[in-house]
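Several structures are given next for inspection.
Same chain, two partners: chain A is paired with chain B first, then with chain C.
This part shows the complex of A and B:
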């Protein structure tokens, strides 16, 4: 276990040295806070656009506070997801290409600790960034639209955070399987998009799919409770564990990049 | 909706502007100090200055060669 903490501390140091620990939370805060402000300013932005024909009336639906929070989550679901995939795309493959992983793995270090330390570091930065960003969104929504109950916001953040963690885990898996970091990010984002679309198209058949997490988070915000929660959550956690196991197994089979 | 005056809105937005500038400055400092930039340095400075949030993110993700 102490060995695992050494590896985790190395990942942590890497997050600090590369500046990720600073810029990722800042970007998430800006993302989360800008959505309520843009929603608030939208009537003025449209009025100021100036290229409307005379007498145009645009009926904007009145936004509720929880509706704005759902929009904020959608921001995290697109740009936030992209950033998480981009920062974790090279976690394993870059170290294998540069030879760092070989230096570590010749020592008596378990492959599982090697992968899970990276995974835990990814989860840490995701949790910090998303927590701060969502908190900022919550704060600005409360200031501009009215408060959303803390319980609903916290519940939805847990559900959405699980989805972000799931996609991050898939990125690490692809980073182990594939040689190129860009291909890993592309595959992970593609898999996430495919899962979301399939879940929307086949809601009955895929009622357990992790792609439903975003929908559940929105339902949690709007109505305070999400139905059909536990199958989705348990399937997601099981697939995260399975993805990690697959990554460890693959790394054990092909420790050096030449063997891939 | 009109309960909040534009002045108050400015006070609300001010921390975000500061945060955005901070991100830009960090990106510029990192860019200036790093020896191995992926592509011409001047181009990255322009991207960071004019690309707002996206410009800084692009620099942090793709700008530096990890060695």
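This part shows the complex of A and C:
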């Protein structure tokens, strides 16, 4: 176990030294805060544009506080997801390509520790960034539109956070399977998009799909409860474990690429 | 005492057999060179020993560890091109390596300081590895391989990429290391092997062509040699040409030298007597006649080109 913490500490140190621990939370906070602020200012922005014909009446739907929070989540679902894929895409493949994985894995290091330490570091930075970003969104929504119950916000953040963690795990899996970091990010985002679309198109058949997590998070926000939650959560957790196991298995077969 | 026994170790990639059923034993305290031209399968063989490549077939057996124990804990490995986390300092990397090998935080620190001093990069210990030169990285690589006092130190071409000074320094380091632990290193330079090693394994095309202790190999394959050089006048050259057309029975093989010929012979005394007589009789203007023995280099060349 102490060896696992040594590995985790190294990942953590790398997050700090590379500056990721600064810029990723900052971007998430900007994403989270900008959505309620922009929604609030939108009528004025349009009025200030000044090129409207005289007498134009613009009717904007009245936004509820929870509606704004759902929009904020959608921001995290696109740009946030992209950032998580970008910071995780090289986590294993870069080490295999540069040869550092060969340096480490000739030591008595468990392959599973090597992968899970990276995975835990990814979860940590995701949790911190998303927590701060969502918190910022919640704060500005409360200030500008009216409060959203903390319980609904917290529940939806757990569900949505699980989705982010799932996509991060898939990125790490592809980072282990593929040589190219860019291909890993592309595959992971592609898989996430496919899963989301398929779940929307076939809601009945894919009622258990992890792609449903975003929908559940929104439902949790709007109505305070999400039905059909547990199958999705369990399947997601099982998929995460399976992805990690596959990554470990593949790494054990091919600890370094330059060796071949 | 045997430390490591390898039997029938084979690795085939899609179309090629990189290593073809090699077997050898490494005894404790010996320094062994894995010698061979580029592409002979040295790196593949070494990577199988370290566990970085799974063998297609064959056994690697370490003696003195329990069944199921991780053999990686006995091995210290320096790859051909050591790679590091460039954002770490040299000292941080060593401590990290030590902790991964199971040293306590305190042990790892003292051992790191000790090794940094020993490999001669103590003054750069607090600098980022990104700024290290090739020679410094090689030394850091050596230090990280030694951090847990391995029973077997495996080095893949440890001096090939270094300039002459760096090479000399690393060789000196190895000379002192081989007194403490068992060393296996690969090289394509015979001279390095001869300088340091007790045993050699000469590989060619995935097989071990010759193996054993340097002394044994030397005496076993030692053959007498006559080198003859002549002046480049018409008469002497003609004589040599004619003489080589039907060489006497004692000449086993011969090869041309600049201005002469090198003969591998079986009976050195008969050869000497006969050749001198012929030279005198035909009035050949000889400039040099040397009698010696085949070197390890001759054997190496023979083993890898045959």
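Here is the rule we go by: the second predicted complex is superposed on the first by the 257 of 260 C-alpha atoms of A that agree within 3 Å, B and C clash if a C-alpha of one lies under 4 Å from a C-alpha of the other, contacts with A are read in each partner's own complex, and residues count from 1 in each chain.
As a working rule, contacts are C-beta pairs under 8 Å (C-beta built on N, C-alpha and C of every residue); 3 or more make two chains touch, one makes a residue touch a chain.
None of the values given here were measured: they were computed from a predicted structure.
Contacts of A:47 after superposition: neither chain B nor chain C is touched.
With both structures placed on the common chain, the touch criterion links A:29 to chain B but leaves chain C unconnected. Shared-chain residue A:90: touches chain B; no touch with chain C. Contact with chain C, but none with chain B, is seen for A:102 once the two complexes are overlaid on the shared chain.
Contacts of A:238 after superposition on the shared chain: neither chain B nor chain C is touched. When both complexes are overlaid on chain A, the residue A:19 reaches chain B alone and has no touch with chain C. In the superposition on chain A, A:207 makes contact with neither chain B nor chain C. Residue contacts after overlaying the shared chain place A:143 against chain B, while chain C stays out of touching range.
When the two complexes are superposed on chain A, the residues of chain A that touch both chain B and chain C are 18, 98. For chain B in complex with chain A, the touching residues are 1, 4, 9, 12-13, 16, 19-20, 22-23, 26-27, 30, 53, 56-57, 60-61, 64, 66-67. Every residue of chain A that touches chain C in the complex is listed here, in rising order: 2-3, 6-7, 10, 13-14, 17-18, 98-100, 102-109, 253, 255-256, 259-260.
Across the interface of their complex, chain B is touched by residues 18-20, 22-23, 26-27, 29-31, 33-34, 37, 40-41, 43, 83, 86-87, 90, 94, 98, 140, 143-144 of chain A. Across the complex, chain C meets chain A through its residues 13, 47, 50-54, 70, 72-73, 75, 77, 79, 81-85, 87-88, 96-97, 99-102, 141, 144, 148.
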